[in-house]
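By written order: A, B, C and D. Residues from 1 in each chain.
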Amino acid sequence: MIFRRLAIAAVCAVLAAGLAGCSADASARSALSQSAGTAASTARSAGLVLGLDQGDRLLPSVMDTGLSDAADRLATEAQAVATMTATGGIGASRDRILADIRDAQDEVASAQRVSAAANTSAAALDRQRRTLDRLAQQLDAAAKRLEQQ
Amino acid sequence: MTDHRDLPMPPPVAGRVLDADLDLLDRQILDPDGVPVSTVDDLELTDPDDLEHLDPDTPPVVSALLTGPILATRIFGGRMPDSRFIRIPWKVVADPGIVVTVGVAADSLDASWAERWMSEHVIGRIPGGRHDPE
Amino acid sequence: MKGLFAVALGVLTAIGGFVDIGDLVTSSVVGSRFGLTLAWVLVLGTVGICLFAQMSGRVAAVSGRATFEIIRERLGARLAVANLSASFLINLLTLTAEIGGIALAMQLASSISPGLWFPVAAFAVWIVIWRVRFSILENVTGLLGLALVVFAVAVFFLHPDWSALGSQLLQQPSPHTDESPATYWYYAVALFGAAMTPYEVFFFSSGAIEEKWKPKDLAQSRVNVLVGFPLGAILSLSIAACAAIVLLPKGIAVTSLYETALPIAQAFGKIGLIVAILGFVAATFGASLEVTLSSGYTLAQFFGWPWGKFRRPAHASRFHAAMILSLVVALGILLTGVDPVQVTEISVVFSAIALPLTYLPILIVANDPKYMGDHVNGRVTNVVGLIFLGIILVASIAAIPLMIVTGAGA
Amino acid sequence: MILSDLLGSPVLTADGERLGAVVDARLVLDGPPDGMLAAARVYGLVVSPHSHSSFAGYERTGVDAPALIARFLRWRARGSMLVLWADLASFTDDVVRLRPGATLYSPRLSGDSA
């Protein structure tokens, strides 16, 4: 009796492991695509914050909150992507996405420094906004590619 | 298949009729000033002398409303010893309506000891706890 | 004149009190991801909450019984305990989110990290509940919450493409986003559950007892509900529309409170932001008060303890102890570092249990002449009530599978 | 004895045929004065053949709204009956047994014809 139950459990476990193995590729890909998408949205959000600040439409406290929130979220995604096991030939896209997220992190960090400085440089903030938008586009494109494969 | 529409009505009775579960159980108990005492968590009935040969002329009567920890046994099963019952004697029940009113102050009943304890030892000691809100 | 003032005040507080952190962020999330294609859910949920809030208020005014007492009486101890557990957990999670929401709103105003605001916010909520009279706390937070009207005005100032917004209203599963149908329906169920969240009924019916409503006050309560709640829903809709106009085309999917405010910055600049942040603080603070009180009301009414702000705290000691404990637990959850906004997502699961078990007893008692005398439900109310009970049941059954399939709407 | 002891107990006829389960106890306040009210005696037991509990008592009261819920709950409690205390023979091992020739009455609450 007990052996039959054990046998059934074993068969189930093997089946589950098999299914998990087959879908591991797909799930890694979709997780990567999701991280890229979130990072893109975050970078855009930070870009919008910088843009609104340029138009003198933002309170400094909201700008601080927005940039620090974006920094946190990008850090989370970078961490998630960096620790992802790249199976099924997504290693190359993973590295590119990670590099883009890291670049976006750098831009946000330097925007935080610039906005904290006494005399904010409008030109620098504008440059960072453009870079963030460009990175967001790249990340979005990467996310789309991964989904379509 | 018996349908109750075919069944005769029971012999008429002189007093007020209450279905224990429908009209008493789980109702709020209030004192004469409208202060909540507790809820009716169960009813205590007098024990028949001989459960194997029930006496048709001496039906059980409600001796007390029960409240407190007995609620747990009603929900999760089990039986607690009679000595630990918290009773509100039927004597003090004034009106079993959509709320059950008792004729004595909430503070005089065992059922509100937890309220009094919490009031004396915790809430009443926090500044402002004994004043009306502003 | 005094009557008119009371009506106006009631309506205004209902508008301001309708929106909480869940509405602020969820509306904005949904708007930025699905445009206005889910607006119909908001309309449906608003009709439902109007119907049942009004019914529970009528039961309270006529019979003097608040909603959780009725739940206990009609469902019996066992089912009522199931409902109590689910409702109390929803309350606790919502309270966590609201306190977190106050802190996030204060961060927007001050740049000081929310972690430092959590204890301040929880203490402020407690002190108001401890010392301030019910009518004052209800009216002040409701009126300040009206600052959120800035979102409704902003919709016009943002010069949207009206025909595009209009066609979003009528289109189901949204055409120009990449969201899957399951995700769409997950958000539909979550929005519906949030609009009909039981704490509003607990608060509303207990508030009727706190303010000693009598049957003659029913007309006024009906106006408050039927005007105030829908106008409050319009605020929610405006927040969604602002997100749909500004954030959706940019590809920004909202995850934080500050993003909800960005369309206002775009429309009105700094002044608008100040008004919006004031509205955020008032709405989250008001909702924190309502939810904390609801935790106390549900427990006290289930166990038959003395409750209510019309009593001194020492005369409703377990009621106050329960609220203090709820605030402490909520603070504890926040200090673990969870995202306060995401906490509310788990409550969808518990809503599946709490919603049917809350609205069924209200409907049954509202038909019982022993409680209601001549004020029993009319035919139309019963038919609509039954239809909503059906919708609630379907949403409840669908909620958990949808949550699993979509990974909570990710 | 507490009320919960009775509720849910199976009810058998004198021949051992199962009638149903006790879902409620009918009390009558017609005893000698006991404090502020008359003593409440157990007048009979409400027995339901198909369910272990009664919900909202639609089978006993005159309330029939909302119609759909009333109809469903009456169907669930179909065939419910009232047995009088005088017709109970024994209550042992959580089983209620009736006397031979016990009468089954309608469970309706007559005062509730509203």
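Definition applied: a residue touches a chain if its C-beta (ideal position, glycine included) is under 8 Å from a C-beta of that chain, and two chains touch if they have at least 3 such contacts.
Not measured: the values here are computed from a predicted model.
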Subject >> Two chains joined by the most C-beta pairs in contact, as defined above >> reply: B-D
**OP:** Could you tell me the distance, in whole angstrom, between the mean C-alpha positions of subunit C and subunit D?
**Re:** 42
Subject >> Between subunit D and subunit B, distance of the C-alpha-averaged centres to the nearest whole Å >> reply: 19
Subject >> For subunit B paired with subunit C, centre-to-centre distance based on mean C-alpha positions, whole Å >> reply: 35
Subject >> Distance from the mean Cα position of subunit C to that of subunit A, given in whole angstrom >> reply: 32
Subject >> Set of subunit D residues in contact with two or more other chains >> reply: 53, 61
**OP:** Any chance you could list the residues of subunit B touching two or more other chains?
**Re:** 21, 25, 74
Subject >> In contact (per the touch rule at the top): chain pairs >> reply: A-C, B-C, B-D, C-D
Subject >> Residue ranges of subunit C in contact with subunit B within the complex >> reply: 63-65, 69, 72-73, 76-78, 80-81, 130-134, 300-307, 309, 312-315, 317-318, 320-321, 370-371
Subject >> Of subunit C, residues touching subunit A in the complex >> reply: 107-111, 178, 247, 250-253, 255-256, 258-259, 261-262, 265-266, 269-270, 273-274, 277, 410
Original post:
Residues of subunit C touching subunit D in their complex?
Top reply: 74, 76, 360, 363-364, 367-369, 376-377, 379, 382-383, 385-386
Original post:
What part of subunit A is in contact with subunit C in the complex they form?
Top reply: 34, 37-38, 40-41, 44-45, 48-49, 52, 55-62, 64-66, 69, 73, 136, 140, 147
Original post:
For subunit D, which residues are in contact with subunit C within the complex?
Top reply: 53, 55-56, 61, 63, 65-69, 114
